[in-house]
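Structures follow.
Shared chain: chain A. Partners: chain B in the first complex, chain C in the second.
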Partner chain A sequence: MGMTSLLEIRGLHVGFKIFDGLLKVLAGVELAIGEGERVGLVGETGCGKTTTVKSVLRVLPIPPARLDGGEILYRAQDILKMKPREVRHLRRTELTAIFQDPLQALNPVFTVGTQLRDIVLDSLAAAGQRLTRKEITARCVQALAETGMPDPERIMSNYPIQLSGGMRQRVCIAEALIKSAKLLLADEPTTNLDVTIQDQILRKLDELVEEKGMSVLMITHSLGVVMDLTERVYIMYAGTIVEEGRTEELFARPLHPYTQGLMKSVPKLTGEGISKGIAGRIPNYLEPPSGCRFHPRCEHAMPICEEERPPLFSTGVNRRVACFLYQRS
Partner chain B sequence: MAKYIALRLGQSIFVLFGLSLLIFFIARVVPGDPARVALGNLATEEQVQKLRAEMHLDRPFAVQYYYWLKSMLRGDLGKSLYTQRPVTTDLRQYIPATLELILFATLISLVFGQVTGVLAGYFRNSWFDNLSRLASYLGVATPSFVVAILLLFIFSQLLKLAPSVGRLPLMVKAPPTVTGFMIIDSLLAGRPDLTLLALKHLVLPAFSLAVIHIAQEGRITRSSLIENVQKDYIIAHEVHGIRPTKLVFKYLLKPSIIPTVTVMGLDFAFLMSNAFLVELVFFWPGFARYAVNAMLSKDLNAIVAVVLVIGVTFALVNLVVDTIITFLDPAIRIQRRGG
Partner chain C sequence: MADPILSVERLKKHFPTKLGLVKAVDGISLSVAAGETIGLVGESGSGKTTVAQCIVGIYPPTDGEIRFRGQPISRELRKRSKDLKREIRIVFQDPGSSLNPKRTISQILSVPLKVHRNARGRSRTAMIRNLLEMVELPPDEYLHKYPQSIGGGEKQMVAIARALATSPSFVVLDEPTSALDVSVQAKIINLLLELQTKLSLTYLFITHDLSLMRNVATRVAIMYLGKICEVAPTVEFFRNPLHPYTKMLLSSIPVVSEEEKALKPAKILSRGEIPSPVNVPPGCSFHLRCPMKMEICSEADPEMVEVEPDHLARCHLLSRRS
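Coming up: the complex of A and B.
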């Protein structure tokens, strides 16, 4: 990485207690984001991306969720050990997030203006500033305008149900960026939008983040999004990081068998039809496979894969892969 | 919004029209000859015929209904056989007493029910939630008159904290009746000391009535809160640093309270007639007692009035509830406006 990490997740284990037993979802997630860096986190649905984000934001419902080890360092302070007041301060000044479904992420019974204003009020209070009501409103309107929202003054007095999906996501972006945070966690911010809108919104988001010099963790299952918007990428499989590297390099030369399968499963416009994808499915978290969690689906599986968890082997600068194929003997 | 309320008002009038038909049916068709009932067995056939003509009973039902509705709208509900007074006079005396009681009971259940509901929902599965669950089972399972007797025994007999029965102490002269609400009338008469006395008399019966509603409404708010607390938008508010009190009492409570408001309206209207046993225990000169007496003594005019009052109460309460919900839920408001 070279630069100092803003956020560093070390060996994060998170489980969910359910009636049938314990779902061991996150099994040692390792991830770091540098100051001003844009990082992708890619994996299929159910691999633990959202659980990772919620852990960082400290919004996992405990119980049923259960922290089984690891630390999440923000500027070298463990978020998991913070008191509620400290977490709140962090959320008001440093951390922010955009969620997957803009239809669910806005409170249905309050206007856009009310929701935005309250964020400004509380984050200002945390920063020890005071603004008049008029100044706050002006700031909200500006934040909406920045997202490319047409007619932001009018939108302020609208309720979410009066807005389209794309407009709602612009409101969510305005909410996330209005408090001038340093790190944005974007959890599949465009998955539930029309393809044409997806692109517009992502570009706008990219532009704003660049302008504000924020760090970003972009969570997605879309390889295209990661290619376009991130410098470095982590590939996640069944609650573990299987590979990391500079985006371009990793896409050019995927190392982990899972990543290779993932790349092949992207349909191409140049014929060949639709690929077969990776055989099998994401494992059951109640009794996850021993050793490497990918081994039951892996074409290259060796006896050791079943017995031992592969650590992340370094194969170059900023390049690590959790697979015994790359173990230097 | 105003248009929506006007529309609902129109619907209520329609409902009341239906109700009036029903009452007319009960009053005129079911129990036989009202003229004979009014005059008694000793009257001659001639007298009965004369009264039948006066009461338009010899005309078709439609015409009868017209005259009946007309006199009812003029406030003439006939004479009560039991009290020997015009029914409207009775109603003017008894309705405010019960209204005062159940308004106060509703207020109590609103405050206690919502506070426990919110706390239990927010701290779910905590000791408080478990305690309130136990208490609410007890509250729902205990009939209100049992609560009334228990409260009387504890607070009035043992602790001597509250007066026992009635709306004011026996020796105290009531303020002149203006609204029929003891609290308001005493204030109007410039007697705040009486207001305090009236409040003291109100607390125990109102609380007896409120217990079951505290339990039910609290539980409804709790479960609705628990459903909403998992929603993305609450997580988003949290992530954006909204302070906990605002998060719970503004952003979480407003969307969660909508089902409770509906139930609260129905509970209020139910109390109008269901306050009977509590009114009996506390010697409360209220409408519910009047209603039961009317039924027991087969006092037809009074029964008609009672059904009418309860019907009107339901219609009005529904109107109020719908208006409040429209105010709480923009989705309803916006859909009505059509866009």
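Coming up: the complex of A and C.
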């Protein structure tokens, strides 16, 4: 990739131990985010996107979750090997996240102001700084105003339940960006919102991230959102990365059969009709298919697909695809 | 329009609440021709589901008239004939909660057959198998499963089979795919379109996804705060959107290719949020968010005008100035 990576995930394997056995969810996820880069991670329900984010933040409940190998390097240090104290420090200072459901992310019994102030106090403490009450409040109000929140002073004394879905998500964005973090993990931040509100929030997020020079990992199932906001994208299927590339290039010319099926399923404004989708369904993680996890649904499946796991073959600059069709012998 | 199968005239549905009167649907008129798919599009809280529920008879309307094949059906909900209930069916948004978790798929599908088709014993089993085959679920595999043991897309297929069990002519689809992934959505949409031609069904398709409607609907109607602001045949609608809200919606859709970008109207920055239906703004309900707002907009509610044949919109910009 040339530039140094801020975050690099190498061969991450995560499983969940349940009564019926071991769910082998993540099977060798490879992902890198450069300094100041915006990267998308796209996949359908149950493909392991959120598990990946939670592994990076080290908030996966272990057990039932189980780390079965791999490393997550943040500035060349393995997050998975850090002591809890070090991870906490990283979360207080460098990492930040926005989740899908703001009503779950916000505490219902405290006002927006209290929650924002707590975050400021905490990040100040981590940095060994102090500010007066007034300065802290001013900072919170400013953070809310930056997200395009109307009347931020009044919102400070409101409870989350008094706000609309879009306003709640703005509060979450303010919370995520109020400390000067370096890497933002945004897990489906606008999935629950209407398109006009989604548009407003994504534009605002785009501006703020640009202004602060943050790196972003945007996790979503919406291809359109990724197209708008990211430079590079990873496509995930059943706990594996199947394809990566520059966003525009990848969407203009998808290589992996799964990505191709996905792109054809997206309803388009050009009105060219919708394909029949992808046959079959996402595999059972108790006994995932051998070899390439997509092979039972793939129309190009070859004998080798069943036997061997395809590595990511390079097909160009910044372009890799995990499919034997692209193997150069 | 020649001979509509269903027509809605100045339909109103108001709900009295502690906070005040919620005008969920506030005077909409719409007619649906046999065999077409009309897409009713709107954001959350615009009242689209309430329209559907009035049509299938879940709520009695506050005012206005719904006619099915010329017969008024909005009054006397309890006296709706069995035949009418057989003809108009609905598929709900969340199949996880619209299918009884304690009944097997075979039991779920047998209810409408028992009630409406008087089917018993072997003939009923045969009908259930037919229904499952129709929605492309192998009967032997699915008959005795419970809803929780099948995927979301498959559950929705079962819900569709249940709706079709009575051989209806009019089906209301209330966001049937919005909870599903795109690859599953594609499968269901294709199935719905096939069934439509095979069984000559008429669809009222409720959704918030305009790109989907571009590919599915024959006509599109946009709802905002309980009122329809624009109706047009699909191709015309996307070629020449007229209402400022429609333009805002269209320009907010995230797309995946350059060809699609070219089709979107000039960017209208989306601003503000849909107001609470308890406090509908006076005049045109959209004027608070409208970039083209004029003085008259906060005073008078615009009338629906037919700008081009079959292309109606409700905006002062389009009303002839006299």
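Basically, the second predicted complex is superposed on the first by the 328 of 329 C-alpha atoms of A that agree within 3 Å, B and C clash if a C-alpha of one lies under 4 Å from a C-alpha of the other, contacts with A are read in each partner's own complex, and residues count from 1 in each chain.
Note that in this section a contact is a pair of C-beta atoms (placed from the backbone, for glycine too) under 8 Å apart; a residue touches a chain by one contact, two chains touch by 3 or more.
Given the structure is predicted, the values throughout are model-derived calculations rather than measurements.
*Asks:* Here chain A is shared; do chain B and chain C fit on it together or clash?
*Replies:* Superposition check on chain A shows chain B and chain C fit without a clash.
*Asks:* Scan A:132 for contacts with chain B and chain C and give back first, second, both or neither.
*Replies:* neither
*Asks:* Once the shared chain is lined up, is A:261 touching chain B (first), chain C (second), both, or neither of them?
*Replies:* second
*Asks:* Which of the two, chain B or chain C, is in touch with more residues of chain A?
*Replies:* Of chain B and chain C, the partner in contact with more residues of chain A is C.
*Asks:* Go through the superposed model and pick first if A:164 touches only chain B, second if only chain C, both, or neither.
*Replies:* second
*Asks:* Tell me the angle subtended at the Cα centre of chain A by the Cα centres of chain B and chain C, rounded to the nearest 10 °.
*Replies:* 80
*Asks:* In the superposed arrangement, does A:107 touch chain B (first), chain C (second), both or neither?
*Replies:* After superposing on A, A:107 lies in contact with chain B but is clear of chain C.
*Asks:* Tell me which partner A:92 touches in the superposition: chain B (first), chain C (second), both or neither.
*Replies:* Touch status of A:92: first partner only.
*Asks:* Check the residue A:61 against both partner chains and state whether it touches chain B (first), chain C (second), both, or neither.
*Replies:* Once the two structures are laid over each other on A, A:61 reaches chain B alone.
*Asks:* In Å, how small is the closest CA gap from chain B to chain C once the two complexes are overlaid?
*Replies:* Superposed on chain A, the two chains' closest C-alpha atoms are separated by 7 Å.
*Asks:* Inside the complex, what are the residues of chain C that reach chain A?
*Replies:* 43-44, 151-153, 181-187, 189-190, 208-212, 214-216, 234-235, 238, 248-249, 251-260, 263-264, 269-271, 273-274
*Asks:* Show me the residue ranges of chain A that touch chain B in the complex, using the header's touch definition.
*Replies:* Against chain B, chain A makes touches at 54, 57, 59, 61, 88-89, 91-92, 95-97, 99-101, 104-110, 115, 118-119, 122-123, 126, 159, 161-162, 172, 175-176, 179.
*Asks:* Per the contact definition, I'd like the list of chain B residues that touch chain A in the complex.
*Replies:* 230-243, 246, 250-251, 254-255, 328-331, 334
*Asks:* Considering the complex alone, what residue numbers of chain A touch chain C?
*Replies:* Those in contact with chain C are residues 44-45, 164-167, 194-200, 202-203, 221-225, 227-228, 251-252, 261-278, 281.
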